[in-house]
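Several structures are given next for inspection.
Next, two complexes with chain A in common: one pairs it with chain B, the other with chain C.
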Partner chain A sequence: MSSEAQEGQTSNKITCTDVTCPVCGLTCDDIEVEVDDVSVVTRNACIMGDAKFKELRSSHRITAPLINGKEAPWSDAIDKAAEIFVNAKRPFFFIGSETATEAMSVGIEIAEMLGGLVDGNATICHGPTVMAIQDVGQVGCTLGETRNRADLDIYWGANPEDSHPRHLSRHSVFQRGFFTGQGRFGRQIMVVDPRRSTTAEHADLHLQLKPGTDFEVLNALMTILNGFEPHESFTEVTGISREDIYKAADMIKDARFGVIWVGLGIASTRGKHYNASMAMRLTQLGNKYGKFVILANRGHCNVAGFNEVLAWQCGFPYAVDFSTGEPRYQPGEYSTVDVLRRGEADALFCMCADLGAHLPKRAVERMCEIPVVSIETAEGPQAFISDVVLPGVLDGMECEGTFYRMDNVPCYARSFIDPPFDFTKSNEDTLIQLRDAIKRKLAARGKTTETVEGAAETGSKATTLSEEEYVQRLDTLLSQPQS
Partner chain B sequence: MEIILNTGGTAFQGACVKGGRKFTDEYTQEAAYCDINPEDFVALGKPWLVKITNEYGDSVVLQAKKTDRQQKGEIFIPRGPWANIVVTTYTESTGSPAYKNRKVEIEEGSGPVLGPVTLMKKYYSKRTNRTGRTPAEGGA
Partner chain C sequence: MERLTLTPRDVEYLVLEASVITPDAVCGKTLEEIAELPVLEGNTKWPLGRFFTITGKVADAAEDQGIIIDGDVPRVKYIGSKMTAGAVLCKGDVDMYCGAWMKGGRIRVKGNADAFAAIQMEGGDILFEGNVGDYCGASYRGDWRGMKGGNIVINGNAGVTLGEYMMGGKITVKGNVGINAGIHMGKGIGAKDPLPTIIIHGDSPGRVGAFMTRGNIYVLGTIEVMMPGFSPDGTEELEIDGVKTTFQILNGDHGEKGRGKLFVRT
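Moving on to the complex of A and B:
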């Protein structure tokens, strides 16, 4: 990958090419960014990528640590955060995806050191798909192969036009690859989605199934491919005509290289990992006719990286509990939403993931009862419910790092600008500082049982926020012109 | 009226979140609405606002948007704090909550549609009355 950072016309203008976008799972590596003192201009980035790069020069960036909503010195914030976790009986570490694997690794290390729980964005995303990979196994490939070879793209419960805006143009439908020189005209597109999504508008065949019948439709396709008839109740159950399901089966049989792109449509609906397992079995069966692969459209940035790093460090992809001193894996028991719903965690660390906005209400309510420490770059629901906010560094822009693309290919992202503060160089650096502070506290206490005695106390101490002040500060922030 | 709720990301809502504009009116515009099939829309009395209530009794008021992208009997709310008021924590032992395909009640609503800061204050302002209970003490 060639790289180039040059001085532009004005002295403070930086132009950078081949920048890696740290926003969705596609990890596009062809972005051009021009930054000066006040503005950011991007080329090749989609609307979401562009918005993130504009964060480099935004008015709502959090640039100072906050304790209970008030600006505080960095050392106090780290100390307070360390105190919270040293005092907790069941600390929970949520390692979000908008950061590099190097930082994730340290987060997992802290969780292990404290005997806490650790989970990442996969838990509210493609967790069920990951479970299916464990159950059935995945026939996969890289995005390079899909763009150069695939002549059938099946989007199952996926709407990349919204979730991965450059998916269709870079890696599938419109891309003119080595064996796919005709672009859209050389590819067949099938969309399986209860909504007529924007992606469905490009489809040769849209199976508009009833919600929650993915399993039945997948099953019917396998039945046809195995030479049998689907059950007579098929149309009534799924809402799909027999004509359409046979057409879909024919498309699979005719393909030379078919890809099933699975989205959250199968992972977030009833049946979850069973749906995903079935999709993987269908993929295996498709290989009787041509080459067939399945890829998960992983949405959040480095979410695949978390699974890789956790699996590498302790053998499991997500939802891990270290409380017995060894890693135990059990989605539904040690996963974020379940732990919070049961009111188990008594302190939460949330790194680069706006859990306040993205978890169901009953889970967020628990977060309002316990001390919460977050790494955040902007004001928002997560910062609102956090007791300590540590300013986030924009990985891939202000510090280098590794991101796993949605096909599990690690991509290295360079930095091209410095963070707007000097107390930390990267989120990894922040976590190392936090880890060391925790270690010092544990050592000072001789790491005896008394270390956990004050857990409840800390919880109530952390609540002494004047809400008025916090909201006032927010109002001031919001009244400033937004970039 | 009973209806099936699906939630999910949109590029515009995504741009708002990634751009850190989570406490702006733009976020309300991009995430606090509900897509409704034209037939259901008429059946609801062509409402400006709708109130969605889930099985726990939690409810949220949203802008009603008529669209033929939805099938009859289903609604769509973009991912975000509004949708998550009515998303349930039922994970079928996978960790992934019921973001899609869950029955909810829909009816004509009376405003206002809360902005993100007001929404957080209304539903999650427990900062001043936190209990700080640990699980052993029955915290939940």
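Moving on to the complex of A and C:
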């Protein structure tokens, strides 16, 4: 911040301490922010956190609703969005992770009401790790335990130096905790990565495997821990010498409290969730020697929260279909890329995630064919292909809400500034307004059309209920537990 | 056997869930009643007759009922799912869950099948003349009890994760397979249960029999990458589909302390 601005804008300057950072899965809660009319200054935040807080005073912020790229009144945008979803046979709701769980909850409720599909950022992130938890089970712990107890940190397919910059200093390598008073000197660090990453520079042992052979290396470690010899082709296949793999096995055996931090190198390489399954089986085996846990380095601030909320509301972590009225779960069929690639969805709601910039080409091509409604804070590919853009509120800065940290611990984030518009207070508020508009339209449709689509008895004949009775009936249906 | 023919009509739809295309659902009904059977397109229910012209004869019992789908239906899911008797012939491609949870009867698909074909099958016979997608003969997502019985023959190639958590029955693939064939095979089966069997005539890129605890996998082609958890245990000459072949026997997966057997042609 320049001194000029400081002097000129002193009256509007806000200083806030203990702010929760809404960027990565670490959810750091010790950020200090100074914001005035033109600039933002942060302390304690990493380079990613600082960039996000600077969004408060960015020039590219979307501050008015857009219909087909043109500014429109808020009520028209909500009405158009509701109309799109009421007309859809297979509406798809993508709940991004840059928002609080309270908003996600309403998004899931709308998907259920309309008999649509719902998915979240986990689908292109650590979803496979979540599937592995269902497959074999996870031994986990909180970040506090790793900080205070861990004497072996294994980074598998993860490079937290770049992806979670404060990971090493706050929760693992360098942190001096209750039983880890020596900090780095009391810990062993193992990095498994095909690249010589910046994290690997800190490692006592760097297993530089060939790309895509994590599964085989994990299996070899388990084989050694079980007292067998790995197959003769092991070194040729993985590029790791026998000496190194036995050294790694000894490090696991000698650890009193070991942590495997898995990154997307596990979850998003060939084999997907089975890589994570194998890592979790290795963790279970490691518990024969000392305490061993496995934690996923979740990328976005609330990507874990989406899994928690969806599992809490309908029993499954992601990729859920409500079309029959009951939740069904199937990654590969109801997951974002598959639904779009197969052309199943006929309307898309994208909330707080720039899908247009991140999905494969065929999925984005389908997004261009169907009506898309987005909640966006900035111009980008997603806003460009959206029929309706509803301005987004920056959770944790402009409105309060709950974020789940990467170890699934909920952290409440307070707000310290108001959004730059008054038609909505938060993304949750936006979704509640959208939900009510959809309810009104469904109710009106219940009187005029032959069949009622969605959660209200799919395919039943027209009813003569009044609008009020109809909304009430929908509410009753939604509040009943799913069998 | 009475034949009922479903001819796809030229109607556009996103995707259909037609779990009613089974001998069990149509037997003993009139053609009009069959045309009224519900199919799902997303959140909307339609009558089956909207998408198919229905002709032919209906039998009183499912075992005497044959269903012929006279055309390509690459976006119709659940064909022949949960069927217990009778026969289904599809002359073109089918979508996901073809023959899923099947307990008996026969299915023949002349085209390709998409993912999740014949998952958690308990009995009956399926012949895919084309390729099948991922998770053929696997378990339903999250379940650790996969295919329990029956016989699957795939003339083409199979996708990844063939026969996941397989507990019984037999899968034969004439072509190649993706990774993870026979993954988690044999979990939860006792010493007296019949062993599950997978025969792969083609090649595999690797991870065959990962997490395997019991069962037999025969590979007549090559395995690009062998799982480190398998150890060689001699050779044996065996007769597979009438041809005598010498196999190298490997035990594993030692990562799971498994007692499965992997036979690779020498």
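Definition applied: the second predicted complex is superposed on the first by the 437 of 483 C-alpha atoms of A that agree within 3 Å, B and C clash if a C-alpha of one lies under 4 Å from a C-alpha of the other, contacts with A are read in each partner's own complex, and residues count from 1 in each chain.
Just so we're on the same page, a residue touches a chain if its C-beta (ideal position, glycine included) is under 8 Å from a C-beta of that chain, and two chains touch if they have at least 3 such contacts.
None of these values were measured; they are calculated from a predicted model.
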Touching partner for A:P331 - first (chain B), second (chain C), both, neither: both
In the superposition, chain B vs chain C on chain A residues touched: B
First, second, both or neither for A:M222, with chain B first and chain C second: second
First, second, both or neither for A:S197, with chain B first and chain C second: first
First, second, both or neither for A:R270, with chain B first and chain C second: both
Which superposed partner A:N148 touches (first chain B, second chain C, both, neither): neither
First (chain B), second (chain C), both or neither touched by A:N408: neither
Chain B versus chain C as contact partner of A:Q313, first or second or both or neither: neither
First, second, both or neither for A:K89, with chain B first and chain C second: both
First, second, both or neither for A:G343, with chain B first and chain C second: both
Shared chain A contacts, counted only where both chain B and chain C touch the same residue: 89-90, 131, 270-271, 331-333, 342-344, 346, 455, 458-459
Contacting residues of chain B [partner chain A, same complex]: 4, 6, 8-12, 14-24, 35, 56, 58, 68-71, 74, 76, 79-81, 84-89, 91-101, 116-117, 120-121, 123-140
Complex contacts: residues of chain A adjacent to chain B: 23-24, 46-52, 54-55, 58, 60-61, 68, 89-90, 119, 123-125, 127-128, 131, 159, 161-163, 165, 194-197, 208, 210-212, 239, 264-265, 267-273, 299, 318-319, 331-333, 335-338, 340-344, 346, 354, 356-366, 368-370, 377-381, 384-385, 455-463, 465, 467, 470-471, 474, 477-478, 482
Chain C-touching residues of chain A, taken from the complex the two chains share: 88-91, 114-116, 131, 134-135, 213, 215-220, 222-223, 226, 228-231, 233-234, 237-238, 270-271, 274, 277-278, 281, 322-324, 329-333, 342-346, 451, 453-455, 458-459
List of chain C residues in touch with chain A within their complex: 14-15, 17, 38, 40-45, 75, 96, 115-116, 134-135, 141-142, 144, 161, 179-180, 183, 206-207, 210-211, 225-231, 253-257
